[in-house]
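Quick heads-up: structures coming right below.
Shared between the two complexes below is chain A, which has chain B as its partner in the first and chain C in the second.
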Partner chain A sequence: MSAYLLRRLLQGVLTFFGATLLIFAMMFSIAKDPLQALAGEKPLTESQRVQLTAQYHLDKPFLTQYGYYIRGLVTGDLGKSINGRPIGAMLREAWPRTIQLSLLAVGIVILFGISGGVYAALRRGRVFDQTSLALTLVVIGTPVFVIGSVFQSVFGAQLGWFRPSYAAELGLATFILPAIVLALLSLATGLRLTRNSVAENLRADYVRTAMSKGLSRPRIVGVHVLRNSLIPVVTFIGADLGALMGGAIVTEGIFNIPGVGHLLFQGIQLEDGPRVVTVVSLLILIYLVTNLVVDLLYALLDPRIRHG
Partner chain B sequence: MASLSADAWRDLRRNPVFWIALAIVVTMLLLAAFPWLFSSTDPRTSCDLANSLQGPAAGHWFGFDKQGCDIYSRVIHGARSSVLVGVFSTLIAGVMALAVGLPAGYFGGWADAVLARFVDVFLGIPLLLGAVVVAVALAGQQLGIWPVVLALGMLGWPTSARVVRASVIAAKHQDYVQAARVLGASHARIMLRHILPNALTPIVVMLTILLGQFIAAEATLSFLGVGPRDTISWGVAIADAQQFYREGARPLMIPAGFLTATVLAFIMLGDALRDAFDPRLR
Partner chain C sequence: MQRKARLGLPALGMAISLALALAGCGGKPKSTGDQPFIVSFGLSEPKHLVPSNCTEEMGHDVLDALFVPLVEWDDKWVPKELAAESITSTDNKVWTIKLRAGWTFHNGEPVTADSYINAWNAGAWGPNAHDANYFFAKIQGYDELNPLDAKKAPAAKKMAGLVKKDELTFEVTLKEPYVNFKSMLGYTTFFPLPDAAFTDVANNQLDPAFEEAPIGQGPFRMQGKWQHDSLIQLVRYDGYAGPVKPTIDGIDFKIYQTLPTQYQDLLAGQLDIVPQIPLENIANAPADLGNRFRQSMGSTIQILAFPTYDKRFAKVEVRKAISMAIDRDQIVRTIFSNAQVSLRSFVAPFLPGYRENTCGEACKFDPAKAKALFDSAGGAKAVGGRIEFAYNVDGGHKPWIDAACNQIRTNLGVECIGNPQPKFADLLRKAKAKESMGLFRMGWVADYPVLENYLAPLYATRGSSNYYGYSNAEYDRLLAAGDRAATPEEAIKLYQQAEDILARELPVLPLRYMQNTFGVSTRVANVEMNPFRLVRWLKITRAGS
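Moving on to the complex of A and B:
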């Protein structure tokens, strides 16, 4: 286990430096003028030029710039946005809402994705199975921003079931519609994955053995099959966090939820380069750490991985 | 060759999903290539605020959006930007996937380990987040669809590279590869002439599905405001309509429907091809 742990950790560190270097290079090297890349189409004042040059050490060689940038990222010194507000403070304010939203979304994925998938697998070829396969395909083919806009318009404005945009006084209830939107894509993929995984395991030899021992069907499905089927599903949910983050920008943007995704959404609209590059780097860091944790948990659960 | 490809074609011919998906894909390609065949209304100059949010009328089947533009002609002309971005970024991603996956699978060992770390780095950047950075960095310059094409193509290939690698490994131990090697063929010749044609099916399936995903990503970037500038596209139309969602759903639903149908068609086409050519994966 410890050899695997070490190897995986090293890989994680390497990926982190590679990915942040790539993001940094994309921000500062592909545009003709890196300062203008930070500010988009807006004209820059002389004092802003001086301030940005100092903030990103643009007068130093490229690798030195990157070194300063990584040091800031790791030590929590996140610099200032294009209009001079500290990015760290903006993030601290925004985090809790994004965490509430994404936890709710992951909860929805686990609850409905897994139970739906198991039910479809047990009733293969029947109405529920066929309908859920067709519906999940449509969801997979629909970009999150389309689902979000349509749900906001239909369930928010037309039918009036939900408040169509964020209202702080409603507490957790205000996150329900956005969380459903954010969850749907992962829910669809998770449901299909669970269905296939359970259906395959139902044909396994150990199920026949359990059946011939006279175990009850709920016990076979609930204990034997489920435990073996859920490993790929758990990995998927962990790895799917990247898509969830992309989805959070769009969802928080549409429903006006003042979270981290909205911060990025606004940064894009305002062409605020420093904000975009910092928030993206942080999200990548979180994504990589989560993936690392999921991989290690996976190895802990399934010995075939760490010895493979 | 009455073998695999004939079998696959027989399967495909009987699959209604294949025909539906193909019909949608061909329609969208026609819309992108010859929009004037389908609509004689100019989507830019025909807007009239007096028509704002009006319902369908003669010659304007889908009615008008908030700005009083004809929804039908905007949706027809919006296909081009989506299809172009999808095709070009898939080409770039396909070349990258081959350039990395072929040698990784063929040589194995150290080359494979190094290339795997390279793939890890790109996998560590969620597609949409990376594409946003590229698009923001290049926003100041008037480059049309190219920043988005470049961003999606250069960041969207790693999963395909893994598919290529896996199918190369499956093909490289075949007898005909050994035979070619004994005859003195170079590594490049073995990879490109012998292994690649026999490992092509999963790659083509993967790229078909990827094309759909790129079209979805392009629309999402347009929606976020970093897509191609000053173009008529489904993403922009949806973003415009979303701001006025309280006043009417039609300007939102119609481009959304076209976009979803297109993305879905590529995914279904990929699924149908996979089922026909490789029944084991079903």
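Moving on to the complex of A and C:
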């Protein structure tokens, strides 16, 4: 087990550096003139241009710039964004918001996706099963910005149940509406996945054996079936959490949440290489960790799986 | 980390948070008599909050409440002394600025001649690379602070043209006489800075932490720090020495990523002022908001420019034909729901000296004449078979570009396509590299209310935003003569002659100017917005008071 962990972690380090190099190269190739991108439609004087070019090493070749970046990263200095703010401070502000939002969303997915899926599987072909199938189909087919804008307008502006936008003073409550929007898509997938997985397992031989042994139905479903059915669902939710941590760019944009997605979007718009590379590198780290956790969870859920 | 995370126990779950959310919405800030009256304003994240490092509206909105300028413009756009007691010059070259006594910064420091001199030197200091650096270029000694080689240290640390006479008086010597200098002083860049803004005044070093909580001498002061991407809070400064005091207690600049969210917050009663109603909501806004939907004169103009390096547009007949084939009024009606207005001059209509329709026949929609003119100038073949309109996709320009292209196709019988570029910076890069991209769009917003503020940067040979390379010696001469004129009135006459040259040569096509289209809540009254899109914070009052 520890050998497995070590191997995975070493792989992680390699993946991390490879990925930063790739992203750095990509940003380097699209960033034609970050100084003008920052200036927008306003003119930039020649004197200002030469000063900023020197300060941000924009005239240096690719590998030198990458070297500067890695040196900063290793010494714990995440560098400065092209508008002069320290990237570390930006991340410290943005990340807690994105984490709250994505954990809330995943919580909703787990709560309603799994329970709904199990219920639909147990009552296969009945009203709940049919309507939930139809509804999830609609949700999966609707782009998230449509759901987001409609929810914001209806539940925020018209009904007044929620604030239409992020309000720091409300604490976690401010994330509820965006989390629901964010969760809906995964909820639909999670529900269908759970339903099919449970339905399939209900027909398995071991369930028949358990029934003939005289075990109670709640115990059969709750312990035996559920545990076996959750493997694909856990994989799905694990990957989903990784994706959500990257900041839901669209949802954060609609509800004005100054999270990681916003940071990234702004960075790409401003051709802000250091910022984009830093944010994406950290996202890669998160993906690596969540993937590892999901793989370790497999062993807990299914004793047949052993990591050696 | 979360700034105001009152709810520390996520595990409490949905029920409690839902209840909180409902409670949070039910109790929106009510304006009872003794509670402070704070007005909220929808903002986008500013780049910087140091006056000389700020050339964009977002920063101006905040700085305009924290500081007051030396002069303010009256109804006729004549500059009148505000923070200054007098601004005088006998030759328009050497200006003596005398400050009013008794003014203080928010931290208690007195405002002196040094506050201005230090701020302006730091703004002009090349290595600081401030965005508004070029506004100081008219002052003597500017060039010595701005070497064109970053490895070289500037030849001087202070501009020779700024001389302190006594505690409250200083003298500004310009390189050339400039009749509009007094008006120019109303712009953000010329605000003073307290000593607290500097780590090293002698070397023009500003404290990077200063802009996290800027200190001005205006009617409002910072409450806490700039909460990036989320909120900037201002409260009334009781020591404000200006003649008119604010009636509101503070301003919450709420920072938004997108305009539509601001609009939803306005509808939900969570935001008092939305300074720009998003295009997608404009059609419904009058119905949604009733008399809370407001419009006022703006200063932004939209033009289409012909790159001079592109020989396809070398003939003035071709340029004129394209202009006459565009139905400006129809685009304004159908695409902009009249939030923008057709423009047939080369400057914005609010300016003193603006004349309607200087463009004349060239801006009149006349498809038959346009076609005849186009064909006589060589037709489709002369422009290489098709006309392109280059634009930046991040600015919401696609609808009108496509509409204009359709009109060209129909009226001139030549293929016309939009040429989308990711950002405005990409348009500029292509223009600098003299790459073929067709006509390209540009916008211009005024900094101070003078004709020259449009005519020089956009059309002068060395204009800062003349990216298309227009150059006419007579035009440059008239502009320079206008700058050296003895009075603003004489200057206007010369500027107008210069504008007449543009009408003959059509280096660009004037298309539209933008109106301020904004929305206000039921809580506020007397919300006025000037052409620079700035809310007059001293005029605004509580509704019903």
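In this text, the second predicted complex is superposed on the first by the 214 of 308 C-alpha atoms of A that agree within 3 Å, B and C clash if a C-alpha of one lies under 4 Å from a C-alpha of the other, contacts with A are read in each partner's own complex, and residues count from 1 in each chain.
Basically, contacts are C-beta pairs under 8 Å (C-beta built on N, C-alpha and C of every residue); 3 or more make two chains touch, one makes a residue touch a chain.
This structure is a prediction, so every number in the text was calculated from the model and none was measured.
In the superposition on chain A, A:T53 makes contact with chain C only, not with chain B.
In the superposition on chain A, A:G253 makes contact with both chain B and chain C. In the superposed model, A:P232 lies in contact with neither chain B nor chain C.
Of the two partner chains, chain C is the only one touched by A:R97; chain B is not. Contacts of A:A157 after superposition on the shared chain: both chain B and chain C are touched. Looking at the shared chain after the overlay, A:I140 reaches chain B, while chain C stays out of its contact range.
By the touch criterion defined above, A:G88 lies against neither chain B nor chain C after alignment on the C-alpha atoms of chain A.
In the superposition on chain A, A:Q269 makes contact with both chain B and chain C. Shared interface residues of chain A (contacting chain B in one complex, chain C in the other): 32-33, 36-37, 39-41, 149, 152-153, 156-158, 164, 253-254, 269, 271.
For chain A in complex with chain C, the residues that touch the partner chain are 32-33, 36-43, 45-48, 50-55, 83-85, 90, 92-97, 100, 103-104, 107-108, 111, 149, 152-153, 156-158, 160-174, 176-177, 252-256, 258, 262, 266, 269, 271. Of all residues in chain B, those touching chain A in their complex are 117-118, 120-130, 132-134, 136-141, 212, 216-217, 219-220, 223-226, 235, 238-239, 241-242, 245-246, 249, 252-253, 256, 259-260, 263-264, 267-268. For chain A in complex with chain B, the residues that touch the partner chain are 11, 14-16, 18-19, 22-23, 26-28, 30-33, 36-37, 39-41, 137-138, 140-146, 149-150, 152-154, 156-158, 164, 242-243, 245-246, 249-250, 253-254, 264-265, 268-269, 271, 273, 276-277, 280, 283-284, 287-288.
Touching chain A in their complex are the following residues of chain C: 1-7, 10, 14, 17-18, 20-22, 24-26, 45, 47-48, 55-56, 126-131, 133-134, 137, 146-151, 208, 227-231, 255-258, 260-261, 264-265, 267-270, 394, 423-426, 428-429, 442-443, 457, 464-465.
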